[in-house]
Amino acid sequence: MMEDTRIGLYVCWCGTNIAKMVDVEQVAKELGDLPNVVLSKTYKYMCSDPGQDMIIQDIQENNLNRVVVAACSPRIHELTFRRALANAGLNPYMFQMANIREQVSWVHTDREEATKKAKSLIAGAISRVAYHEALEKRTVEIDPATLILGGGIAGMSAALEIADAGKQVYLVEKKAQLGGQLLQVDLTFPFMYSAQQLRQMIIEKVVQHPNIQVFNNQVVEEVNGYIGNFSTQIKNGKKKETELKFGNVIVATGLKAFDPQGIEAYAYGKFPNVITSLEFEKMLLKGKIQTKEGKVPKNIAIIHCVGSRNKDYHEYCSRTCCMTALKFANQLKSAIPDSNVYELYADMRSFGKGCEELYTKTSTKGVTFLMFDQQDKLPEVIKAGKNDGCEMLIQMDEKLSGEEVEIPADLIVLMVGMEAHEDAKKTGHSVGISLCGNSFYIEKHPKLDPVATTTDGVYIVGNCQGPKDIPDSICQAKAAAARILGTINKKQVEIEVTTAFANEELCCGCQTCVQVCPYTALSYEEEKNISVVNEALCKGCGTCGSACPCGAISSRHFTDKQILSQIEGLMEMILQEEISEN
Amino acid sequence: MSFNPKIVSFLCNWCSYTGADLAGTSRMKYASNIRIIRVMCSGRVEPTFVLKAFQQGADGVLICGCHPGDCHYHEGNYNCLRRFKLMQKFIDQMGIEKDRMKLKWISASEGKDFAKLVDQFTEEIREFGPCKVKEIVETLS
Amino acid sequence: MRYRVNPDLKLDLNRFGVKEDWQDCFHCGNCTAVCSLTEENILFPRRIIRNVQLGFKNKLVTDVDPWLCYYCGECSETCPREANPGELMMSFRRWLTIKYDWTGIARLFYKSLPAFLIAMIVVAIGIIVIGITKDFKAEAMMEFGHKFEKYVIYAVACLILLPNLLRMFWFVILKNKLKVPVFAYISNSLSLFVNLFTQKNYLKCEGDTFRWVEHLLIVIGYLGLLVITVFFNWFNTDSETVKWIGYIVGALVFIFTFDFVLKRSSKKRESSKFSHPSDWMFVVWLFLLGLTAFITRILVDAGAIENNLWVYFIHLIVIAQWGLLIVPFGKWTHFLYRAFAIYFSNLKQAALMK
Amino acid sequence: MGDKIGICFYDSGQGFSDYFNFKELYDYASGLPQVTKIWNTTELDLKSPEKINEQIKEVNPDKMILAGDFPGEIKNLFVSAMSLAGKKAENIELASFVEHAYLNGQSTEMAKVVLLCAIKGVDIRKVLVPDEVDVHPDTLVIGGGIAGIQASLEIANGGQKVFLLEKTGTIGGHMAMFDKTFPTLDCAACILTPKMVDVGQHSNIELITYAELKSISGVPGDYKVTIHKKARKVNLATCIGCGICSEKCPRVAPSEFDAGIAMRKAIYIPFPQAVPNKYLVDEANCTYFENGKCKVCVKLCPVPDCIDLDEKDTDVEITVGNIIVASGFKPFDAKRIERFGYGKFPNVLTSLEFERLINASGPTGGNITFRSQDKKGNWIFKDGSGTPSKIAVIHCIGSRDENYNKYCSKVCCMYSLKLAHLIKEKIPEADVFEYFIDMRAFGKGYEEFYERIKQENVHMIRGRTASIKEKDQKLELRSEDILNEKIIEQEVDMVVLAIGLEAAENSNELANMLGIPSSKEGWYNEVNYNSNPVNTSTGGISIAGLCQGPKDIPDTVAQASAAAARVLQSIIKGKIQKSIKDIKLTDVETSINQLMKK
Amino acid sequence: MAKTEAKPKLKLAVYWGAACGGCCVSVLDVHEKLFTVLEHADLVFWPIALDIKYKDVKAMPDGHIDLTLFNGAVRNSENEEMAKLLRKKTKVLVAYGSCAHMGGIPGLANFSSKEEIFSRVYEESESTINPDKIRPVPEFEVKEGILDIPVFYNDVRTLDQVVNVDYYLPGCPPQTERLVEVFLAIVTGAELPPAGSVIGALNKTQCDECERKQTEDKSISEFKRPIDIVDDGESCFLEQGVICMGPATRGGCDVRCIEGNAPCRGCYGPPDDIPDPGSKMLSAVGTIIKGNNESEINATVDTIDDPAGLFYRFSLPNSILRRKVL
């Protein structure tokens, strides 16, 4: 090493979060004696301003050239501290974090063991940081155009928000018509506003917008490139493929309705007058509420949570069905005033603006509410007897009365939940984003970054992130638009620095790496007989480095040396502890 | 003193490390024998690391990545799986019980599964007893 | 047993005074919990609201719980949905009254105010006709009146009240297939009488002692008046004691009923917010009953009854309407059903305990 | 042309006739050509489509317009009635007043526009397009909670200047007070503080704390805003945050950040991770302002002239093109419901107090203890005053209740479940009782969280607690256990009231100042519930977060970013739309006719 | 040829440890260049060629020898003793050939223990008749005194695991040309690379020089032994399913084996700074296994009979694990 390695070690208390389970003072004291460690301190909240100021000051006063902070998960504060290093004039990558909260103090119960574990993790970090190299930030230009996948309300709203700022938008819709799920809705809950008006207006605006190019009946197979510089091939009408270039991608592919055929108890497909909420919505759009036989139904039952909140189908709540069901009940009572409407529900989730009020109103209109257990005992639809005076009967355990009851029904509406499209995974892969357990796209942070994804420049909005209603979808769409407009406004964005790097001197040109890279960041250069890395495409996974047989490729910030020395550092500390114990 | 297994673990940043963090934020308790090393992708895990861990005295090595098909980098976890299988065969030849290394898929939401996995793996390694690699290497040099 | 949901019941129930507020109930359980009369197996009003909402007529008719409520109004006051459970209970008691009544006359009267008014007029005319036959002689009239009272009491008790009570017993005990230990019938009979006269459960309604006292005084007054007039022939007695007791009980009746009338008109209290015609009839007629009796006796004492016979005549009409219509088919039965409900409820508990 | 048009007026009876003069609208409509017949729903039997059909048949209109506050409510009735006459559903058009015309209180004029558009068959959204004017590139964000922080960062990261105005001494808002956030249970501070630090350090953000909006003038795109800066009495630039002043300060007052369950000094930092991390003097509780003596802080402060107790409030004026309102909410005052004994029984807490109690950074270091009195008689929480073993959480306090707030506060179910989990974590053997009506676990991962809490042996009771009584130091809760059909009288040691959310204090004042409409409850209204959930009818002003209505953190963040989108859009374009609310009927009549010709 | 008296001649030694003798032969392979060598150097010790006893070496002053080419691994106490002796007497000690460098073929003995080897060799092997199970013993008393033979160690070690090594000259055996180049470099006083370097070899791996056609498609669903394929003589061995250590083995041998249509076995060892000689290749081979599902992968892995032997054919003692755990 050219210069002395001078490491500063900081152990965070995190209030009592860490200090309660880890003897931070002891840790700091003992590890302060490790080679290259020139100072070692503890502080209540390292992430706080004073905590960071302390690091900055120490770097400047003690010529530290490397810093280790033992605190929470690097996923939370690595950036914070890197920034502090940068503020102190040190390269931000001369930093390593030891996760002694999420992976020590919060998961262990023996203080001594936890302290030991913390020590070894920090020792690993200290050992590793000595091999860190300065990495420089780089930026790429942002192509001001945006690609939006999905022409539902979310996709269209995002498109308009961006296009209105004068920027180009490519809107790709799988179906022949824009509008998505909104196409099937007559009125929106809770205020019974016209969805038709809303839809017509937005579609017209989108179609006529000079900055929006709509591709109907199209699916994007693969998106290449990286933030600021994506491209894809797309068929323009029936013409041949054209290449689109764009700087950001918004995925707004929505969800689809659950197919209730799998729930035997509801006899969907068996009885013609058991219909899904979508089919009922169509009926409302047409304006005629009637049974398959063409009669006006007298008894209408609406069953909630179909395919939702049940381990056998989907565990999650589909969020909008309760309100849609209340809307239906109101529409029914309005259209057929003397009908009997029954709502079979599990929990009434009327939580939005004006929603609880709609629930009250629905009750006042004389709709009968019956509660069932959506987990253990679903209501059962059976054929009614001759004397029942109706076509079907629903048998259920009614929780609020504690009785077994039967409900006469001429028409049964199943409030089907929402679930991911079959091709969600494929679409996700084409733009490089992943799914969570329920096949919704996973956001960068469930709370503080609900529209961004772990892939820079790719955003998820609307239902494809999880079920939601129209205003929430629009909010998300606009939120993504904000981020994109921000980057467009700044014209450039910083890109990944921890990419792979191919050493020309070592590469033998075997091309093993080329095959491995999922981002085509590696290519073979015949003239020199070597592989080269396009660092703008590289996302830094490091698989190529592991595949390289000759050690020519290294993953910046995750080099063999760094990881091996981390292993060494932490194992040595464990053994040292063991020896001192025996 | 009773045998306290030493386990080195490589976790991918996106699913498994996050899953481990989730176990933490959810305060799920698990055995403290594990030492986690973060890599960006399980595809980064090289046999060298595993060998190094054993050489340095680890009794078991746990590798976790995203579930098949969920890899943040599309296929890194498959690469890991392939290497892992070959690696297992190799260490078996080298006289190290092949189950001293384990590859499991842990997603970002599976904090609970992670905690369970650690406990279980720790017990499995405890059954195996100490790994002798370090001892051998030390007597040799 | 599987019950059929039948939302039509509400159409039926609407006639008994309640507004459809109870439809708003979202079953938070507040009313049941806030009620100080609810116990382990005695859950109302929510359970009853639920059964009404779902239209379980058969179940409802066998339910004794509604009678246990004294309508303190706290449930309605604190109801988060303003579903007015207290008033539903009240209306529901009216509904039960007609269900117990074997004659069907109560049903007619409750549902149709005109029918009731016609009946009242008919009774009044009847008395007038009798008055004509008696030439409006004070002595004859009073003698008739005295006998009339006696016979009406016996007749109403035997022909209407007793069969109705038996029907109630049939509904709430036999129909529920409760196996009541024989001993329980006896052991609880004392409390039946206590309750009958004191309505002491009223006291459990927190903070409403005054209302109970009022209620108790009216009961004392009313029963006293009944006994004193019917069995001690108050109007004609010479006993000073009887005379003064009569004054006191008579005064109790009309003074406190007057207060009731005032309260009902002011609608300040939760229990007075909604009034069914039967409520008005009950308090007003009781008031008139007390007042006319009181004045009649004053007139007797003053020796002016002969010249003011119309007072007694009105009293007689009131008595007749009261005895023939309000007692057997009107709100008066509450008095009886309430006390017996407690008795039956105790029997039920005993059966369930077993 | 020459189609016959029938109109039916409908008032849903929610009090909107105060804003829309139906009489005037009736008269206006009857003066319009083609309008053949006007009904009022009060004259119609809304229970009988047949009868309505009869009445419609007489006139036989080609198009039927339903006009009113929420005309969608009767749409299906008319669809039924019209279909009896063989007419199609498309022939019915809604003239929805609240949706389009409830923009600034007295809205009859705008309702006429709505009505006219419906008659002419023109989409109102095309008509209500204000002219564009130049925009000043700076933005004012009102409120430094998570919504304000997010919106500010979004704009600042887009390269534009932001003034972030915060009423209290630090940004962070309510979120900073929370312990963990549902359903992932990451700690609120852990995820929020980096953002706060970001705001504090951002070169594009000018943080104005301890200040309030005083007045506003100007037009969209060019607002002159006067900000009243309360005297902090500590120099922001020179304070080093050493804390000596606070340490020696003789006076204490309930800590706002700790929701009043612990005390702080009269000179204080709201909380350790506050941004800016500088002290401030609470004039109301300072000895100096009572008798002109003390000044201990001034004497001890190591930085010369840093503390100036005689500093006076000042006003500053700034010019901005856009404003984002993120003024947040206020928690429901649990004292209003006497039955629960809050304020009377020391161990009945609000959920906000409990958040602080259970928070590792709270006064007890996260230990759940009983409330006790300090030497001066203040009821506070401090470590070591006993551990409760039975804790009840009661949902829907002040929410879903006609007597208080009708609406659902959206977050209480989930935060109550979270609290249950946290209690179980701190005191594993504790019995936790959750009293709820409907469990509203609706968001991503919420239902799964609910299932998890159920697995943790938390007692879930469907049934609202009616009252709390104190019995021998214990609290007795009476409620109906609906699913198990029994009355339960549960003795517990501590009760947490899951209080709902209400519009912020002075929310109406602010709304009036900015000219944005708000609902009866004080929540700010968006320009259009469905199509435009962040903009308001005043040009250049957007709303974000809780000030628009209760919502959880992800929705708040999304909305805040969405508000930023409009701002960035206008800046990129250099143009901003004027206020929709200022559009007059006379202005748009011609454009409506033009649009119709097309 | 004019004599240049200016410089004294270099003193040169060649020794073999556990080796096959091939390395010594490779030194002989200098052929006519021997004269050039002798012009500049005196051979002071070379058991295979000269009769100089150990005691003679011991008698030399320390640092007397300028250059020692030590070939062969350290298998027994004699190897170790000589390695230490020569280290003491030599200025520049070169680990010559794969065995000294990485353990070489004798290093494969690290898959077994001494006991296993002895029982195989002295008892079980097909050509052995040893009913009394007589085994060699390090010391044996005879009339004349004590006879001793070197102690056979349990493990094979590389030269640098016993003594400090200045340079490594890899190969099994090393290319003689490389030796001459190195020798001449020393003689001419050219600047020597830093101590510890590998000399006489390239840092790029074999593929760089390999003439065979390579593509990026290396997905393999079945690995084969060389005898199982009909080599087309043109395409990359790996792509034909034969594990060729070429990609992970430093060049310098002029791709001798591959030129001869045999896959590289890796005698030259990995390039600089690779922590383990076999694991990189193991990783690369693992990577190119075809398919994503486990059973497919398992089937392919099964076609690699002896990964340890393949990837560590010449380098087991030099690997991270050093030997099999027994």
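A few remarks follow.
Read from first to last, the chains carry the letters A, B, C, D and E; within each, the first residue is number 1.
Methods note: a residue touches a chain if its C-beta (ideal position, glycine included) is under 8 Å from a C-beta of that chain, and two chains touch if they have at least 3 such contacts.
Just so it is clear, the model here is predicted, and its values are computed rather than measured.
Touching chain A and chain C together: D. Between chain B and chain C, the least number of touch steps comes to 2. Compared on C-beta pairs in contact, B-E and B-D come out with B-E as the pair having more. Geometrically, the chain at the heart of the complex, using CA-atom means, is A.
Compared with chain B, the chain whose C-alpha mean position is the greatest distance off is C. Relative to chain E, the most remote chain by averaged C-alpha coordinates is C. Separating the CA-averaged centres of chain A and chain D is a span of 25 Å. Here the spacing of chain A and chain B, counted between their Cα centres, is 27 Å. Spacing of chain C relative to chain E, judged by their CA centroids, is 114 angstrom. Note on chain placement: the centre of chain C and the centre of chain D lie 51 Å apart, centres being C-alpha means.
Counting only residues that touch two or more partner chains, chain B has 25, 27, 46, 48, 52, 75, 79, 83, 109. For chain A, the set of residues touching two or more other chains reads 348, 360, 400, 436, 516, 543, 546-547, 560, 564. Those residues of chain D in touch with two or more other chains are numbered 184, 186-187, 400, 438, 445, 462, 482, 485. The set of touching chain pairs reads A-B, A-C, A-D, A-E, B-D, B-E, C-D, using the touch definition from the header. By the touch criterion given at the top, residues 505-512, 514-516, 524, 529, 543, 546-551, 560, 564 of chain A touch chain E in their complex. The residues of chain C lying in touch with chain D in their complex are 26-34, 38-40, 43, 46-47, 78-82.
Contact residues on chain A toward chain B in their complex (touch as defined above): 73-75, 99, 101-104, 106-110, 113-114, 116-117, 120-121, 124, 425, 429, 432, 434-437, 442, 454, 498, 516, 518-519, 539-543, 545-547, 555, 558, 560, 563-564, 566-568, 570-572, 574-575, 578, 581-582. Residues of chain A that touch chain C in their complex: 340, 342, 348, 359-360, 363-366, 368-371, 395, 398, 400-401, 403-408.
Listing the residues of chain D that touch chain C in their complex gives 339, 396, 400-403, 437-438, 462-467, 478-482, 485-487.
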